[in-house]
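What follows is a single structure, and I will ask about it in a moment.
When the chains are written out, they are named A, B, C and D in that same order, and each has its own residue count from 1.
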Amino acid sequence: MIASSPAEVAQGVSKIISMLPASAEVQEVYGGKDGILSTAQKGTLLLDSSTIDPSVSQEVAKQAETKGAVFMDAPVSGGVNAARDGVLTFMVGGPEGSFAEAKAILDNMGKNIVHCGAVGTGQAAKICNNMLLAISMVGTSEAMNLGIRLGLDPKLLASILNTSSGRCWSSEVYNPVPGVVPGVPSSNDYKGGFGTALMTKDLGLAQNAASSVKANTPLGAAVFQIYRTMVNHGFGGKDFSSAFVFLQEQGKAK
Amino acid sequence: MIASSPAEVAQGVSKIISMLPASAEVQEVYGGKDGILSTAQKGTLLLDSSTIDPSVSQEVAKQAETKGAVFMDAPVSGGVNAARDGVLTFMVGGPEGSFAEAKAILDNMGKNIVHCGAVGTGQAAKICNNMLLAISMVGTSEAMNLGIRLGLDPKLLASILNTSSGRCWSSEVYNPVPGVVPGVPSSNDYKGGFGTALMTKDLGLAQNAASSVKANTPLGAAVFQIYRTMVNHGFGGKDFSSAFVFLQEQGKAK
Amino acid sequence: MIASSPAEVAQGVSKIISMLPASAEVQEVYGGKDGILSTAQKGTLLLDSSTIDPSVSQEVAKQAETKGAVFMDAPVSGGVNAARDGVLTFMVGGPEGSFAEAKAILDNMGKNIVHCGAVGTGQAAKICNNMLLAISMVGTSEAMNLGIRLGLDPKLLASILNTSSGRCWSSEVYNPVPGVVPGVPSSNDYKGGFGTALMTKDLGLAQNAASSVKANTPLGAAVFQIYRTMVNHGFGGKDFSSAFVFLQEQGKAK
Amino acid sequence: MIASSPAEVAQGVSKIISMLPASAEVQEVYGGKDGILSTAQKGTLLLDSSTIDPSVSQEVAKQAETKGAVFMDAPVSGGVNAARDGVLTFMVGGPEGSFAEAKAILDNMGKNIVHCGAVGTGQAAKICNNMLLAISMVGTSEAMNLGIRLGLDPKLLASILNTSSGRCWSSEVYNPVPGVVPGVPSSNDYKGGFGTALMTKDLGLAQNAASSVKANTPLGAAVFQIYRTMVNHGFGGKDFSSAFVFLQEQGKAK
């Protein structure tokens, strides 16, 4: 059945999962004129797997509460392959008492279903992880590029980092230098994977959240600007590990 | 026996290991008036475990060559505990043909003795690792601080990062937030460990090396300045994971 | 007369000027339950001199329009002395046709009353100016500190900069080094002037605005984080030129 | 007369002016095998207008002293037009007692001949100015780009900045947005002017100098990396005000 509006969807069901591009769409689909909350029944469980501003999740949860419904944020990580294999991670924010019901649903799609705390903390966990991921990825790209220019073999350098204190997911599992790790986007012309434009969006959410709680994030701010520059220079559709290419690229005269 | 000069040391021996504070001392101890090279015999193996500018290692190696001696750079990583237990990592740069001899000596002190390539590449590997380490540590500090302010429990956040793509040595093994990992400096008032002033020195070497080979290192440059600021504000003697404290500190009015 | 609510203020008047701390207060005072817009008469001119998010000015202007009132943003720059002397600058955003009426009022307080364009552009101009100001001030602080450490006399260095391409308002009029320019905060223990906490707030607005229009602001992002760090370390109440002190401070061991 | 070596030049003269690309060339031309110092006569005045590392100027000055010659650093600023019109600025470092003699020569080429202090301080002044210039230029580019995206007219925004606290040489005299100031490189496709590659070189000198005196330069470090990235992406031969283009460029998919 295809519904003509979110309101129609909400009429006959007791559980809804949504996954939308950004904060504005979540506000519209839930709180808009023909939104879910206009018809949602008492006791409905609303699971939103969008990656959005934590404060928007909290705002929608408040609106849901006035209807007697429960809204939980449940952003996801793991990428396309994890989705296909049903091993995604869901970071869930919302009332303790509703978590078991949420988990029962999400278990069908994911392997790790983590209760992070009150509504919005799922988003917080996702945002923090992706900020650190972006920092590590650009850091790995810088370290690999520097080492190569100083005469080190890329595979050897990666193996040294990976047995030392510099090791991180980006150096071990998803190395940005082509040929170091087989099967990852860097070894496939940076196709597939997690796009630079999407990472830029998540880094923007992290900066907004950091501003709102007055958290100091010098590298988070720097890496947001680097990914923004990459998008401006045509890397938006490439995997975010293409930071390596961006940093070492030797351009033609413009 | 206590020698009165490096020259005196070099007179009667065929193998020398040195470990000095910085580039200037290495230049003086090897190439100075009463330096090792003034008396070193043909065939002497010179192993320098200082962390210095790779180009200085290369320069001293050239001087050694004119005396028929072999100079290899062999900086070390692993810290005080690894030194006590004899499990240090040595990153060695120098001629393939001399590596076995170097390894035989270094095996007494370390567990991983890695041949990185020509002279200077040991320094290069060390510098790249420590630059990535500093970036990851500040990144982890930012992510943990942001998450805590957004309402996440520190241990829960660390466990989420450590099973996700944000994981790194700094989040898993050496978490900068007190109480998350037992026995590390952050759980002991940031005493012991690897001092902020020493990390700042290594980051300066990384920036010099990056300038010389025209490598782009935006986060490496940023983190160097952050650690420099920390030294200026009294964190020089604290472990480098005290970046977490520096970022979230709520100062008194000045 | 003291009114008991913004609604009461709006009842009997045709012109209102407001100046509030931040976006939330503007939303509340205009759009809240007893807000100005609940009673504002048709044709009322609403001039808001707060420094807030341009998108909030636009949002309130839309609400005002439905009541037949005209809302214009008119943030101010110039500081305490300019206010006393009536030589403030007002950057005004709103309909061309209402500008003359706004100017007639603002002429009583300011010297430069500039029409910047549609509603929100007054904020935009203010935010852009203050972002560039903060960048120039920290840049001047860095250049002065570096030059002094390299052996230059501060006054001589300032005079060289001020006759060269490095000159800016911060180097000429408001030099952050004590003793270079008489009568400015740096020569009075950084008292008075424009507080670091207020500058940090404006830089946060700039970053939010930059995110919303996808503008690349690497130095704007960096300087926001620097001022955030300064606030965390007790400089919030000092003039924003105290960046010079923050950068060169040699802290006691912590 | 064309000499076959620097040594031959130095034989018959009492005053020498040099202007060379970088530190290595100055070391070679003065201190090399057939260098100026191999034949320079007692009392010769050596004026070096290269922009190099201040510590190299100091090193060559020491070598000159042992020959009884006086070496002064005298880097220049002002660009091609100023050179043609004889209105360059020379920043001179060296003994007070030799400054009058140096000035008499430099007066033929420049308008401002400034004695900065001991040898090396001419370089220091030049480096500090150019670091602040680069910071202001990128800052101006960011502010103009942000303002334009927020709906401001570029000329109006420039005029607001130029009568406010954000004003700087880059916003007033050399605005990076095409069409705002006539006759500057931005209005001529960023041709002519001061090349991005040359600015990058000077910023590298500033970072080396900052490292050596432990000066904190967060924006100086950031802007060096931005210009390095620009060189890597093909802007090396464009005027350094092309930072505006780099920041706002909307790239094609790569």
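In this text, a contact is a pair of C-beta atoms (placed from the backbone, for glycine too) under 8 Å apart; a residue touches a chain by one contact, two chains touch by 3 or more.
What you see is a predicted model, and the numbers here were worked out from it, not measured in a lab.
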item: Furthest chain, CA centroid comparison against subunit C; value: B
item: Selected pair, greater C-beta contact count between B-D and C-D; value: C-D
item: Averaged-CA centre spacing for the pair subunit C and subunit B, given as whole angstrom; value: 44
item: Whole-Å gap separating subunit C and subunit D, where each centre is the average of the chain's CA atoms; value: 33
item: Rounded Å distance between subunit B and subunit D, as computed from the means of their C-alpha atoms; value: 34
item: Subunit A: positions in contact with at least two other chains; value: 214, 216-218, 222, 226, 229, 231-232, 247-248
item: Touching residues on subunit C, where the partner in the complex is subunit D; value: 54, 77, 89, 91, 112, 114, 116-118, 120-121, 124-125, 127-133, 135-136, 138-140, 142-147, 149-153, 156-157, 160-161, 163-171, 173-174, 206, 209-210, 213-220, 222-223, 226, 247-248
item: Residue ranges of subunit C in contact with subunit A within the complex; value: 204, 207-208, 211, 214, 216-218, 221-222, 224-226, 228-229, 231-232
item: Residues of subunit D that touch subunit A when the two form their complex; value: 222, 229, 232-238, 246-254
